[in-house]
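In the two complexes below, subunit A is the common chain; its partner is subunit B in one and subunit C in the other.
Moving on, here comes the complex of A and B:
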């Protein structure tokens, strides 16, 4: 599963895109957030991330399959 | 309606024409924030002939603004952004009406100000103002054009257009303090807000005239460093359209240019040879109940910036009860003298007591 990263999440992970193996068995958006938090402890602080699945806004309970393209979109506020 | 020659290029434009031009000229647009996003939006809205433009900003021009806020000149540092912008826009297009509103949008004034306009442009630089604009626009049924940037990334959408989604449908809750870097620590390349603010002006034109396809229902993300674009389809959540009144306050970490100091760091500073002025900006009664040694009382309610600036070393730390007033005081001080280095203590005395107990507190 490909995960595109934006904003501060890109900075934390250090990459624009992550590819997560099916072996991780991540089945929902909420589970993906938990996985990210464990793997990248600084993500823990991000409580207001928006997540998109195949370019559509997704809630935590949305199920994920390996073919999905996920985007992690933290808010930005500068102007 | 008369269409001066100055709009001929728009009137002759296929798909725009006299009808759309007339809609622009009878429309009223409020631009909240005359900074990095607001400046380009304002310039184009005025140039294109939006009939009434409101400019809301309580801030003054700082030297560090000039890399991106290209409407302002170095000789205007220290002057009111809204006033300088309004004056120049009136010169750019004398046939339009410019309303000068020299305040920061707040819970007390937001509804009254926004009510007068058809479309709002959120060109602010902090979460607090963004949630306030969202809620006020939902209450009043006004669409608003959202734009925000961080480093090389920009976000644009049109929120609350008819049944469309709102900012809270994208981000229901405030980020927690420290979660997202502010624009000072993150830095910004001058042209980036220029591009995003110009996009906001474009979306405003589409909303007003009905031409083309707006960004309503979508968040558009521009990765301007890698020339990538990403679009997310949003869902309108009914509960977010049902806001009936504003919250009592919209305190959130804002994009203040004031760096913060954690209690532990302040403790180290106080125990070091470092020379700085520690200003307690709470009220006298609060100060008397317990304050830090070496702190000087200077309540925000009666903030005498001249006197503070005259006695100061070039390094000042502001402190209050919870960390809000100290940021305001720090901003006042920094606006007065841009060379003073000001820090605000994160979480104020309450955080100090949580982390340090009663260390260095006297009454």
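Moving on, here comes the complex of A and C:
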């Protein structure tokens, strides 16, 4: 699964796109958030952490499939 | 309705888009780079967007505003890239028959944009830089 990264999450991970092996068995948005926080402890310190699936905000129980475009959305600060 | 992510905001072009002889109120809000934050001098801001999703979210807000207020014309522009103090980074414009709708819709659009649209800004000071809102 490919995960697109922006802003501070891109800097924390050090990449624009993260490829997560299917062996990690991440099946939901919530599981992805947990995995990110464990693997990159600095993610845990952020004000909030959202995930977008196919460019829509997704709930933790949403299922992820390989074809989805998945993005990590750190706290937004436009305007 | 004009919803775009751009490199630069041309304020007179934005106003021209909103002008309409049939209406009595044009409200155009321009957000600019402030030269200081919490007592620190700001040198520049750098904006980054998840463009596809940001446009989707901006369009959703525009549609919601059109449902709630009698709007003749509506404009949302946001920049990406680097901006110096004084430069425009966001423009929100609403044209309506009367002023109440244009004030209220403008306020709604900028407040919601700040909450939901996936755009991020990094503030650069003389000695360091931070992603705004990232940490408590």
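By our rule, the second predicted complex is superposed on the first by the 75 of 79 C-alpha atoms of A that agree within 3 Å, B and C clash if a C-alpha of one lies under 4 Å from a C-alpha of the other, contacts with A are read in each partner's own complex, and residues count from 1 in each chain.
Keep this in mind: contacts are C-beta pairs under 8 Å (C-beta built on N, C-alpha and C of every residue); 3 or more make two chains touch, one makes a residue touch a chain.
This structure is a prediction, so every number in the text was calculated from the model and none was measured.
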Which of subunit B and subunit C A:6 touches, first, second, both or neither: both
Which of subunit B and subunit C A:52 touches, first, second, both or neither: both
First (subunit B), second (subunit C), both or neither touched by A:23: neither
Shared subunit A contacts, counted only where both subunit B and subunit C touch the same residue: 4, 6-8, 45-47, 52, 55-57, 71, 73-79
Of subunit B, residues touching subunit A in the complex: 33, 35-38, 123-127, 130, 147-150, 153-155, 169-176, 178-183, 186, 188, 193, 197, 219, 221, 223, 226, 230-235, 254-255
Residue numbers on subunit A that touch subunit C, as the complex places them: 4, 6-8, 11, 45-47, 52, 55-57, 71, 73-79
Partner subunit A, residues of subunit C touching it in the complex: 31, 47-50, 52-54, 56, 78, 89-90, 110, 113-122, 131-136
Touching residues (chain side subunit A, partner subunit B) in the complex: 4, 6-8, 16, 45-48, 50, 52, 55-57, 71, 73-79
